[in-house]
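Quick one: the structure is below, questions incoming.
By letter and in written order, the chains are A, B, C and D; residue numbering begins at 1 in each of them.
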Amino acid sequence: MAISEVNRDALVEGEKAPWNSNEMMTIAAARTLKDGMICFVGIGIPSTASILAKATHAPNLVLIYESGTVNTDPKTLPLSIGDPELANRALTVVSMPEIFNYWLQPGRIDVGFLGAAQIDRYANINTTVIGESYEKPKVRLPGAGGATEIAGACKEVIIVLKQTTRTFVSEIDFITSVGFGDGPGAREKNGLIGGGPRYVITDLGILEPDPESKELVLTSIHPGVTLEQIRENTGWDLKVAANLVTTSAPTSSELERVRALVATSSRKKS
Amino acid sequence: MSKFVTLESAISAHLHDGDTVALEGFTHLIPFAAGQEIIRQRKKDLTAIRLTPDLLYDQLIGAGCVKKLVFSWGGNPGVGSLHRFRDAYQNAWPRPLEIEEHTHAGMTNRYLAGASGMPFAVLRGYFGTDLVENTTNIATIDSPFTDEKILAVAAINPDVTIVHAQQADRNGNVMAWGIIGSSREAVFAAKKVIVTVEEIVDSFEPRFNSVIYPEALITSISLAPRGAWPSYASGYYDRDNDAYIAWDEISKERESFTRWLDDEVYGKRVQDLTPVGMGR
Amino acid sequence: MSKFVTLESAISAHLHDGDTVALEGFTHLIPFAAGQEIIRQRKKDLTAIRLTPDLLYDQLIGAGCVKKLVFSWGGNPGVGSLHRFRDAYQNAWPRPLEIEEHTHAGMTNRYLAGASGMPFAVLRGYFGTDLVENTTNIATIDSPFTDEKILAVAAINPDVTIVHAQQADRNGNVMAWGIIGSSREAVFAAKKVIVTVEEIVDSFEPRFNSVIYPEALITSISLAPRGAWPSYASGYYDRDNDAYIAWDEISKERESFTRWLDDEVYGKRVQDLTPVGMGR
Amino acid sequence: MAISEVNRDALVEGEKAPWNSNEMMTIAAARTLKDGMICFVGIGIPSTASILAKATHAPNLVLIYESGTVNTDPKTLPLSIGDPELANRALTVVSMPEIFNYWLQPGRIDVGFLGAAQIDRYANINTTVIGESYEKPKVRLPGAGGATEIAGACKEVIIVLKQTTRTFVSEIDFITSVGFGDGPGAREKNGLIGGGPRYVITDLGILEPDPESKELVLTSIHPGVTLEQIRENTGWDLKVAANLVTTSAPTSSELERVRALVATSSRKKS
């Protein structure tokens, strides 16, 4: 039985864990960022995770937002991709043609950080429509924004989303941004110069593409979550790494920092 | 004739039913005052172009001004959906809405092509996505120097581009600073350019990340203090994130939206702020 | 490792014989100190790229460093010819010089394509001129949206781009202001970027028409006060037009040029100006 | 017999005229500029003429130089296209991609001002090589610079050069910038969106393209110059307008201004 979203925060040995699943997801995402990387950041959890990383282990992370803010150092969580905090604390602010053509397109960005509404086993993502018809969708989502070309050009891509059978589906309703297409060779065929997804980080675990088949493989499971629960929340027959590990639990310092950050948000949640 | 006119005159004189219009500004400097004046003047059948429709176009769409939306990201940033956009697209209320959808990189390069007087611009993008089959104004060309396929996107040249900026000087030059998005390209691409500004100054001071639009590019300038609210104007006021969050409630139902329209748009009149001695 | 090194170390470590190199800056901020250090280190077989070769490349060509020149306007602005360029091209002194010739619009778009990670850029140009038959790295493509032929120019991605700027901050970011020409595109297009600056400052002040090169783009920074002389650095010193006029005499004959080379270049050593505590 | 260049300054009724031929050429060029025009300016006489026009009858002339200086108002003559005077007195300074792609290419410029080493009857111009071989020229000239695309895209083009049989030739050695190509339809065939040359202004007179044939026609002759002298200084059988007029002599105010300007030059001549 799939765990419902509401009880994901009470999984550790039958007791309420000292963190919630959003916090675990955010902290796991932050840990993937290495100091000195140039990071193209989307709004929401990607932003929280990047700001957290810069405030902790990666002070020289270069944060770039599609609004044109280059090497910004926000101390509060932005609500939008162009909040005053991002502009005021940036080294420089440039136009969107410069961000997309001069920074993103040539493959200058080390890591791109994306969210998604749906993802498939090849880490292709949908942020456009839910439902089979593009013209008559069940739900109209915001669309591509910067995601398509971020997915195409960054040296690596990290995708963050909650894992349920609604989000982890065997066939996504619309390919908005390409992960590994239909498998090996698909990125090259489409002229995508970046390396593609490196990690998919969910509230339950961490998935990575198999180096050969490019299919997502579960490589890490968050503390308190069972493999069975993860399988039940995945819309395909999920592959699991032979050396599956358990994600290190959030440290108290990580938790403190992420909570302090989230408290600065206009929405008061990450 | 002076370019300094009231916002009411500017919209009335330069924006016509059926026009293609781009109101630009990315998160920052979004021309809300101009958008609401378009609603008040009940302009219709507009093809409305903008990377991020945002609350601005949710309002225009809900008020029935827009026939077609050309865009690349249609949400309320950090909050959720644009309910009026969804209601128009999915339920044709208050009128049917056509859409043409791109990516940010595609849209910014479409403006860039328009600004450059070129029929198209080239980029790496779209390939492998379902956008390729579901949108128009894109094409594939073979690179003449390398063995690669490259995406071409058609130029956008709006009949009218509308932007908000911090300052105009008395000669009709305009200065904006901070996040500029694709505004410069949208201005250069347009046949006519309507500008609203926070303030009119004697001369400009140096600023980081400033852009100056020379008078020669501009059709009209109107004074509209707080004209970007609830977005922001760097150096004048900050983004009103609470207003963005509140919009979710206002726009969710047709009734609450209609009440907002009556109270906040139709029930108000744009203030005549034409500076003394400038035009009229 | 710190990016702050002496100019001698920067050229020695990052520019190699046979490289394609672009020393940019248009009239303003021309990296003369770096050019003369290249001569002193007797680099050779360079493919030297620059819109306006100017005195800078006249010196490099006369010193025998350059195998091929890629350019769009080869004169001494307002004065006359580049004698060393002419002597190399017409008489192969001191070595044969290949050329590849474009227009300013072509060259600036070639850098733009390089900066954009594209194989080419598109423009309206060249058609109808004899350049079409006499240059390379151009092609004609059919517009996919309109019935027009469009010129494509191949990207330039120099092994090394060298620029001069007014200031670096202590984090290794660089700020230039005033006329910037095609420098930004040449910087973004390059595999490695060597910068010389007038001054190292704690933080930047707002300036009109400023460009900031983030640290992430830059390979090395060297302090080189008056490093753009006889061109200029806005805010530091003006263009030395008399020196441009005097160059006409110095460069006219091989003998006077050689004497200048010996006295002013080989006979001098770049000063070690590495700021204390920055690298080494 | 062609008049030599040295005695061009002493033509008016056998006496030394109170102006020299350079001054006449500069003043005639300045007069073609109308107030409010956007003018793309080259260095040398084009610059002197534009600055003169802005200082006299066209104070709202918008001067743009390819160095990126937009709406500049120089009070001294620049030696180069990017002198400090041009940058310091500009409304704004932009990059070369912006100047060439956003300002010039779309046809936003009213008038482009060019010099030339050679010109033919269709006002095609050469600034590249003298001599029949491109690879082995007799004289290697500077090349195109901005001229090719200025000639292509401006609404109209004004060309200024001294008229001799070396410069006005029946066939130019290299087409650097297109005037009217080989006649009617050539500009359209080459996709040149601008209107092409409007005036060719020399030290002897003014030529304009015939509206039908596009061939240059002499329409005005400078005071003191004879038609015969002009014919002798033209390398083809020059057409002359039925209503040929004499150029108005420089006014004392024009002369005063042009001399004051030239006195500010580093080279002390225009």
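One rule holds in what follows: a residue touches a chain if its C-beta (ideal position, glycine included) is under 8 Å from a C-beta of that chain, and two chains touch if they have at least 3 such contacts.
Note that the structure is predicted; figures quoted are calculated from it, not measured.
The chains in contact with subunit B as well as with subunit D are C. Inter-chain spacing, taken between the CA centroids of subunit B and subunit C, is 39 Å. Centre-to-centre, using mean CA coordinates, subunit C is 29 Å away from subunit D.
Rounded to whole angstrom units, the spacing between the C-alpha centres of subunit A and subunit D is 59. Of all residues in subunit D, those touching 2 or more other chains are 92, 101, 105, 153, 193, listed in ascending order. Counting partner chains per residue, subunit B shows two or more touched chains at residues 116-118, 123-124, 148, 150, 185, 208.
Here the touching chains pair up as A-B, A-C, B-C, B-D, C-D. Those residues of subunit B that touch subunit D in the shared complex are 115-118, 173, 185, 188, 212, 214-216. Across the complex, subunit C meets subunit B through its residues 116-124, 137, 139-141, 143-146, 148, 150, 152, 154-155, 204-208, 210.
Those residues of subunit A that touch subunit B in the complex are listed here as 43-44, 66-69, 78-84, 86-88, 92-97, 100-101, 104-105, 128, 134, 136-137, 140-149, 152-153, 174-178, 181, 186-187, 189-193, 266-267. Residues 38, 62, 70-71, 91-92, 101-102, 105-108, 153, 193 of subunit D are the ones that touch subunit B when the two sit in their complex. Partner subunit D is touched in their complex by these residues of subunit C: 26-28, 51-52, 71-75, 77-79, 81-82, 85-86, 89-90, 101-105, 108-109, 111-112, 123-131, 134, 148-150, 178-182, 184-185, 208-209, 211, 232, 234, 238-239, 241-242, 244-245.
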